[in-house]
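Supplied in structure tokens, the structure appears directly below.
Each chain carries a letter (A, B, C and D) given by its place in the written order, and its residues are counted from 1.
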């Protein structure tokens, strides 16, 4: 009898039941980034032991993205319920062994395949409801990608609002922000099946996107409101000083990462 | 005591509880149209008494659209859960008093405000789950708007698939189809609160979009599959002969219609 | 060619596409009722011209219900996605032509068939997300139907919380409240397709449930919190003075109503 | 700086962001079990290397459950969006080191907290939409728990139906089935962050519910239909010979398991 097949659970006789196919995974989407500084020291509290704050240690990026994604073959693209998802995530910067990394500390997505990919990558994903204003090219129901264009985005989970943000464009930009631009430093944890024992898996990994293709960047003035809700600590990263916001289209490939520790 | 206010129910002291604000309503979105002929006579069975088949009487358009919409003021655009919705609808052509009209015979949307606007307009809306492939400009996770680009779209309701369609682009087009291009002829029905009595409201109305702004049209080869499910008759309009498919962006304003009978 | 068939839109060749079948409609469910008085005069502001406040004019019932429902034949009961729904509604009392009625001023449900039934009956329904603690008979994950049992219920719409309530049981009761116990007085409105004209339909109707079958009533101490959100006025009916809460199971039949004006 | 806290990701400064609190977890719910034999050899194909078929090797249980659940303290019970979930899962029997176990090979749930608990326990959970007929005690909209009572349940994922089952009660029973009655034998897998490397975590674990409290069992005739869909292999476990169905209420506690290999 051959063994079970499949990249991830559920593993099955033919390997087709896995919640996600094996990498590489391709992404194309709209990305709204809001950068600010949290209260002094607020970010450091979110770093695991052995990981140090970076320069400009309180910088935070809240990122909203509306993705279309696929694996090799791309069959999901014609069944878009299995290729599209939205996400909202919070990124900070940190230092480890002398290098500066980006690190995602909180993230919400709206599909299970995205949740599973994240748990594999060390993105600590939960489910949420994410909405983002889309730019338009015809009609009056939305902003143009030009000065004065206004975008909103919201995050909810468990029937409560967690975040409301806005971006009012002032013009174009050469950068899309500095907080989320680096190789990621993520933790992959799985508690022991015996809760009295140490974690069964506890890794520090790094990964970078490949074949990154970037559209033009639009920048402007940003607002970020984060709300207190039971079962979350997002509001501990409230803005203390806004930096800027950015909107761009991004294409990228994920093909795996490297275990650091 | 002043009377209750609001365009639609629920009417309330300040008129802010109405499920929809008063027109005008603005729309900007992506529209995927699949045109075909159903079995001979299939369309005529969907016309109310007094409304006649048009020339080319079996022509049908299945339309998927991903809209952003707003009322005057546009506040919903920054709270996009209240401005975005997707829909799938079936349009046929008919004649009434010597003129040719388009008529929507079945339609599904994924938000309540869109449902209410439709019931007001005579679009016989139900809730559904609608997904459409999006074109991309960067990355590998989606089609480009060029020959060879492949798009899929699906409709489900009550946890069952009702429709799966595809469009493979062959090039550009000057037309976006002929079935859904006309003034609409819709019925507005409300049964009597006493089910033994005739309808309390039974109107024939017409309406046209205003300030229509159209993006370039991409055309190609289309497929349409419609499935049998309990509680629906969509499959009675299955394709007999495909015509073509179209993708374009559309902007439009709805500001009311006219009662014909 | 025969005319279109079906109780409600969409009307279709065989009448099976209607979003709802014709009455009678049967209901069996769990009902959580929280009664209180709103600020003096708050309720009167929600009555249409010609309808007067009742005795004890500020009394309000917020009702959460978890229903299973069906039409004749009951086929939906084996496809429960089409028979189950939850709702939260706000009921007040009023007088019309010398009689005292109950009147639903705001209501949210989580299925489209329930929305359509409500619009037919004059319940001004919107979509919402409704959750209610269930009593249990085994295990530790829930309250028993006995003194000390604690129940919560929540309402959200458009990704925002609108209401949070609780009930802590103190014992049994002979009554299930007095606000929602009367014949309903509802308005059925449909604006003219030309928004500059008066309503195309504006009726005052009354209806009562039939074949009501009631389980034992449990009563206790209630809390009700109502939140401000854009596009709603629910918070205008905040409690000023709590009365009591009730939990019971209810079975009922709806078979139509009577037009009063 | 203290380390991050929390049972599961996301770990955070105060440990309150974890998608799930630490065990113990309490469950109370309604459980519908349909037992049958799949085609000869069909079940063995779902066992990992080193795990053997049990006696009566093709026996399968499809289980639908509607749970209320909580962690210690039980705060989720008053915010029921965070305590209620439904699931559908497929259980088989197997032998390992001379003992007979139950093993869940496929499972769908409708909340993220339930998904995370399952991935911790080795239940290979995906998201789905699950609906189950509820028994009623008043009214006509549902079955009574007595001979002739008919129950349906359905599973969908990604807008497609995967399973439809029914149970028609014939009477009471002393057993609730034999497939899902044993200690569970589950695999916990996490692929390496470098997809070319072996799994980073690959464990065989066992666990049993504690403090099990069982309501009376109702049994009857069962039907199970499993459908082919892209991205799943559920239909490979279609019934070959039905055994019986069962409905009962179950309370249980999960407090951790034991690693076997």
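Rule of thumb we're sticking to: contacts are C-beta pairs under 8 Å (C-beta built on N, C-alpha and C of every residue); 3 or more make two chains touch, one makes a residue touch a chain.
Bear in mind that the values here come from a model prediction, so they are computed numbers and not experimental data.
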_Least step count from chain B to chain C, where 1 means the two chains touch_ = 1
*Among the chains, which one keeps its Cα centre farthest from the Cα centre of chain D?*
B
*State, to the nearest whole Å, the distance from the C-alpha centre of chain A to the C-alpha centre of chain B.*
34
_Separation of chain A from chain C, taking each centre as the mean of its C-alpha atoms, in whole Å_ = 40
_Set of chain C residues in contact with two or more other chains_ = 79, 81, 129, 131, 154, 159
*Classify the inter-chain contact topology: is it line, ring, star, complete, or other?*
complete
_chain A residues touching chain D - in the complex, by the definition given at the top_ = 1, 3-4, 7-14, 16-17, 19, 22-23, 44-49, 75, 79, 81-82, 105-107, 111-112, 115, 119-122, 124-127, 158-159, 187-196, 200-201, 203, 205, 207, 230-234, 236, 255-259
*Within their complex, state which residues of chain B touch chain D.*
129, 131, 154, 156, 159-161
*Which of the residues in chain A end up touching chain B in this complex?*
26-29, 67-70, 74, 77-81, 83-84, 129, 131-134, 136-143, 150-154, 164, 166, 211, 213-215, 249-253
